[in-house]
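Just so it is clear, A, B, C, D, E and F label the chains in written order, and each chain counts residues from 1 on its own.
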Amino acid sequence: MTISELSLCARDLACERGGRLVYDGLSFSLKGGEALVLTGPNGAGKSSLLRQLAGLLDVTRGEIALEGGDPERTPGEQAHYAGHLDALKPSMSVVETVIFWRRFLGSIPQGAETALEALGLLHLADLPVAYLSAGQRRRLSLARLIAVPRPIWLLDEPTVALDAASVARLLGLMKGHLGQGGMIVAATHLDLGLEGAKTLRLGAEVAA
Amino acid sequence: MTISELSLCARDLACERGGRLVYDGLSFSLKGGEALVLTGPNGAGKSSLLRQLAGLLDVTRGEIALEGGDPERTPGEQAHYAGHLDALKPSMSVVETVIFWRRFLGSIPQGAETALEALGLLHLADLPVAYLSAGQRRRLSLARLIAVPRPIWLLDEPTVALDAASVARLLGLMKGHLGQGGMIVAATHLDLGLEGAKTLRLGAEVAA
Amino acid sequence: MMRAFLALLARDLRLAVRLGGGGGMAVFFFLIVISLLPLGIGPDRALLAKVAPGMLWVALLLAALLTLDRLFQADYEDGSLDLLTMGPLPLELVVVAKAVGHWLTTGLPLVVAAPLLGVLLNLPGEAYPPMMAAMLIGTPALSFLGAIGAALTVGIRRGGLLASLLVLPFYIPVLIFGVGAADAAAGGFSGEAGRQSLLLLGAVALASLVLGPLGGAAALRANLR
Amino acid sequence: MMRAFLALLARDLRLAVRLGGGGGMAVFFFLIVISLLPLGIGPDRALLAKVAPGMLWVALLLAALLTLDRLFQADYEDGSLDLLTMGPLPLELVVVAKAVGHWLTTGLPLVVAAPLLGVLLNLPGEAYPPMMAAMLIGTPALSFLGAIGAALTVGIRRGGLLASLLVLPFYIPVLIFGVGAADAAAGGFSGEAGRQSLLLLGAVALASLVLGPLGGAAALRANLR
Amino acid sequence: MAAMNSPTALQRFHAYANPARFMALSSRLVAPLWILSVLVLGAGLWFALFDSPPDYQQGETVRIMYVHVPSAWLSMFGYGVMAFASAVGLVFRHPLSDVCAKSAAPIGASFTFLALLTGSLWGQPMWGTWWEWDARMTSVLILFFLYLGYIALWATIEEPVRAARAAAVLALVGAINIPIIRYSVVWWNTLHQPASVFRMDGPSIAPAMLLPLGLMGVGFTLLFITLLLVRMRAEVMRRRVRNLRLATAGAAAEG
Amino acid sequence: MDEIFHMGGYAFYVWSAYGAAFAVIVALVWHSVADYRAQTRLAETLEKAAGGRVRRAAHLERETGEDAS
C-alpha cells in the first residue's frame, strides 16, 4: 500500500455545535496528492470540520471514510492535526518536544533534527519552549508534521504568526508532502499559494 | 488637553529576555494621529516592544515617555494592549465581557452595544464566549478598543484569525482612531493597509 | 475607582458561581473532609469531641488552600491579569477585590456550615459561639494571606501546591489562636484564655488585611514582567 | 505501543520534576499537614498516638487530591490531550500512563516519607510494617481512582475542587481498610483483623486498576468532543 | 437485551423515547399521578399519626419510622433509577435517558437528606445522640455525597451532551462503589466497636405498623415518580429554550 | 387530640421529623412545578419572538432525534 492510493471522502456531513447547526450536507472527496483549502467567514465551521476529520468532534450526521488506509486505524489516527492550540510544554526544550512526539506517535527518536531543520528551528533546539516567540512556537508545533510521517495533514490557519520566510518554507513542505502522495486539508483566511488545490467555501451558501 | 497633542517617544530602548539581548538602541517617536507598524522576522522582538510600551515588561535600558498625556498615569494606563492572549472568560457572555471591561476601565456600562456593533458581534451578544470561533473571539477581544476610549492602541498581530470582512472593519476602526488624534503601534507580518504609517523593522532573528 | 473595584468583585463572584457553585463547592469539600476524619480515627465519640475544634480548623485551612489557585492563576493564563494592571485601579486594590471575592465564596460559606459539622463531630455545645466568632475573624485572614502565596506562584503552571506550601506557615498563627478560642470554651477553662485567643486572632487578621494586599501586589509586580 | 506508553510516562515524570519538584512537593505538603495536626488537637502524646494512623491516611488522601489536577488539566488546556488521543496508544493506556506517573510522583514519595511522620505523631512501633504495606497497596488505588475524577472534570477550568469532591467517596474504602490494617496492629488486636483489612485493601486496589482506566477513558471521551 | 440490538427494536425504542412523544404521554399521566400520590399519602399519614399504636419500647417516637424508612428506601431507589438511566443513556445515546438521570438526582438527594434528618431526629430520643458514626448512617451520608457530586458535575459542564456522558460515567462508577462502601463501613465499624449498643433493625414490625408503613412507602414512591415526570418535562422544555435561544443568536447571518 | 400533639413527651422529635419531611417535599414540589412553568413560558415567548426561525429549530430537533444537545 503506497499512500498515493488513498482517498478521503466526506459524505453529506453535518455539524452541530452548542445546539446550532453549523453546516449540513457537506461532501467532498480528496485523493492522494491533492489539497483542499477551506475558506469562509469567521464562524463558518472551518475549524469544526477539521476537528471532525481528526476525530476530535462528533459527527452529527453523514460519514467520513478513508479508503486505502490502514483499516485498523481511524482516519484521525492516520492524520496530523495542527489546530489553534499548540500542544507545547513551556518547560520542555525544543528538541525534547520533537523527540517526545516522535516516540509517542511511533517513530524512532533519532532524526529529530531533520524536522527542526525543515522549520528553521535548529539553532533554538536547546532553548526551553517558554522562551519562544509566537512564530517560533507555531513553527515548533508544525515540526510534528515532518517529525512523524502521516498521510493526512489537517491544518487550521497554519500561517498565523509566521514571518514571510517561514510561510515560504511551510509552502515548500506542503508541496513536498503532496508530491509524495499525501493529502492536506487546510483552513485559512489568506492565500496559501497552493496551486491546483481544491477549494471549499463554507458559509452563507451552506447554511441550511 | 486634546489627545492630538500627545506624543510617544522611545529613546535608546533595549530589551533582554531569558538572558539574551533581543534589541538595543531602538528609538522612535510618534505623534497623535500617527501609526507605527512593527515588522520583522519571528523572534525579532515585536511582541516584546509592545509589552514594554504597555508597561508589562521591564525596560532593560533606555526610556519610554508620553508627553502631553495624563501626568498621573503611566503610558501603559493610557493604552490598550491587545496581545496574543485574549483575556476572555469562556463562561461569561459576549455582552457581559464588554460591560465588565467598560466598568473596570472606567466608563459607564451603558453603550456596550456600540462596541459590539463596531466589530459585528451584536448578533452574538448573549452567547457564552466558550461558543465563539477563533475569529469571533479575536473580534471580541478587539471590542475593548472601542468600548473604552484610550489614546494609544498597542496591537500584536491584530488581524490574525479575522476573515476579510473583519479585517476591513478593523482597518476602518484604526483609521477612525487615528483621525481622532489617537496613536497606534501594531506588530504584523502582513500588510495592514494603513497608508502613511511609519514602519519600524526589527532585526533578523538572533541566533542562539 | 470604586466602580472598577466593584466591577472586578462582581465579575469574580459571577465566575465563581458559574464555574460550579462557588461557595457550595467549598462547603461540600469541607463536609467531606470532616466526615473522612471519623472514618480515619474511628467513631469513638469522646475522642471525636476532643479533636473536633482542631479538625474543623484544619479542614478550614485545607478548603482555603485548595481554592487559592482560583485567585490569580486563571487571570494570568488568559491574559486578563495583564489588562487588570493597566486599569485605573491600583494593584493593591485589585488584590483586595480578589481576596474579598475569595472570602465570600469560600470563607463565609464555610463559617455558615461549621455548626452543622460540629454536630457531626460531637462538639460540645458551649464551644459553638467562640468557635463561630473565631472563624468569622480568622477566615478573612486566610484569604488575604493566601493572596500572597497565590501571587508569588502566579507564573508557575500548576502552582497550586507550591502556593499551599508557601502559605501554610503563615496560616499557623491563625490556626493556633483559632483553635485556642474554641478549645478554651470546650475545655471548660475560664473565659479569659478564650478571650485572649480571640484578641490575638483579631490582631493577626488585621495585620493580614494590610500585609496581604501589599505583599500580594508586590509579588504580582515581580512576577508579571 | 510500549514505546509510546513509556514516552508518555517519561514525559510526565520529567514535567512533574521540572514544575517544582514532583514528589518533593507532595511530601513537603504531607509533612506540613501532619505537623499542623498537633497544633490543632494539642500535644497530648497518647491522643496523638491514637489518631496517628488515621491522620496519616487522611493526609495521604489530601495530598493525592491536591495533585489530581496535574493529571489531565494541563494537557487539555494546551491541546496536547487532543493529540494524545490521535496516537497509536488506546485511551485506556494513556490513562494508565498518567496514573502511574501520578503515583510515582506523589504516592510513592509519600509512602517513603510516612515512617518519619509516624515518629512525629508518636505512632507505636508495631504499627509500622502493616501501615507501610497498606500504603504501598493503597496509594496506587488513590491515583487510579483519582484519574476518573480528573477525567470527569477535564474541560472545566479550575476543576480541581470539583474533582476532589467527586473522588472523595471513592477514596473512602481505601481509607477504611488502610487505617484498619495499621490500627489492628497498633491496637493490639490479633493479626487476623489486620490481615483481612490488607486483603480487602488489595481487592479494592485491584478493582481500581481496572475501573480507573476504563472509567477515566470513558470520561475523557465524553469530555473531549 | 439481544432483541434491543436488532435495528427495528432499537428504532422502536427510540420512537418511544422521542421527546415529543414523551411530552404527549407524560402530560396525560401527571395529573392522575398527583391525585393518586396525595390520596395514598393522606391515607398513610392518617394511619401513621392517628390510627396506629405506639411501640412498647420506643413509644410515640416510632411514628418517625413512617417517614424515615420510606425516605431511606427512596434514597436508594433514586440512585438505582439514576444509574439505570445513565447506563441506557451511555449505550443507546438517547437524550431522554439523560434527562431522566438528571431529573432523578435532586429528588433522590432530597429523600436522602430526609432520611438523614429524620434518622437524626429519631436518634436523639432513642440513643441520646444526633449522630453516630455507625455503618448504615455513614454509608447513607456518603450516598448523599455521591448525589451532590453528580448534581455538581451536571451544573458545571455547560454543554448538555457532554455533561450527560460525563455524569453517566460518574453515576455508573458510583453504582459499583456503593456496595463497596457499604461493606467497608460495616467492616470498619465492627473492627472498632465489636458489640454495638444500638440495634439498627428495631423491633420486628407489628401488622398495625405495617399498614401505615406500606401506605407511606407506596405514597412516597408515587410522589417520586410524579416529581420525576414533572422534572423531566421541565428539563425537556429547558433544552427547547436553549435551542431556541441559540437559533435566534445564530440566525442573524455572520459577517 | 392533645395526646397526639404531645406524642408522649417526644413531640419535638416527632413533629420536627414530620415537619421537615413536609417542608422538604413541599420545596421539591414547588421547585419542580415552578421550574416547569417557567421553562414552558420561556419557550412560548421565544417561539413567538423567533417566528419563522422556529421551524428551523424544530427541524433540527426532529432530524437529530435530539431536542437536547
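A few points about this structure:
Here, contacts are C-beta pairs under 8 Å (C-beta built on N, C-alpha and C of every residue); 3 or more make two chains touch, one makes a residue touch a chain.
Please read all numbers here as calculations on a predicted model, not as lab measurements.
Counting C-beta pairs in contact, the pair that comes out ahead of the other among D-E and B-E is D-E. Over half of the residue numbers at the interface between copies chain A and chain B are found on both sides, making the touching surfaces mostly the same. One finds 30 Å separating the Cα centroids of chain A and chain B. A separation of 46 Å divides the Cα centre of chain B from that of chain D. Distance from the chain A centre to the chain D centre is 38 Å, each centre being the mean of its Cα atoms.
Chain centres here are Cα averages; for chain A and chain F they lie 48 Å apart. Each of the following residues of chain D touches two or more other chains: 19, 77, 156-157, 159, 162, 165, 168-169, 172, 176, 179, 183, 225.
Listed for chain E are residues 142, 145, 148-149, 152, 156, 159, 161, 185, 188, 192, 243, 245-247, 249-251, 255, each touching two or more other chains. Multi-chain contact residues of chain B, defined as those touching 2 or more other chains: 84, 91, 127, 163, 165-166.
Within the complex formed with chain A, the chain D residues making contact are 3-4, 6-8, 11, 14-15, 18-19, 77-80, 82-89, 224-225.
Across the interface of their complex, chain A is touched by residues 159, 161, 242-243, 246-247, 249-250, 253-255 of chain E. Those residues of chain C that touch chain E in the complex are listed here as 19-21, 24-25, 28, 31-32, 35, 38-39, 42-45, 48, 119-120, 122. By the touch rule above, chain E contacts chain C in their complex via residues 129-134, 138, 141-142, 145, 148-149, 152, 155-156, 185, 188-189, 192-193.
For chain F in complex with chain E, the touching residues are 4, 7-10, 13-14, 16-18, 20-21, 24-25, 27-29, 32-33, 35-36, 39-40, 42-43, 46-47, 49-50, 53-54, 56-57, 60-61, 65-69.
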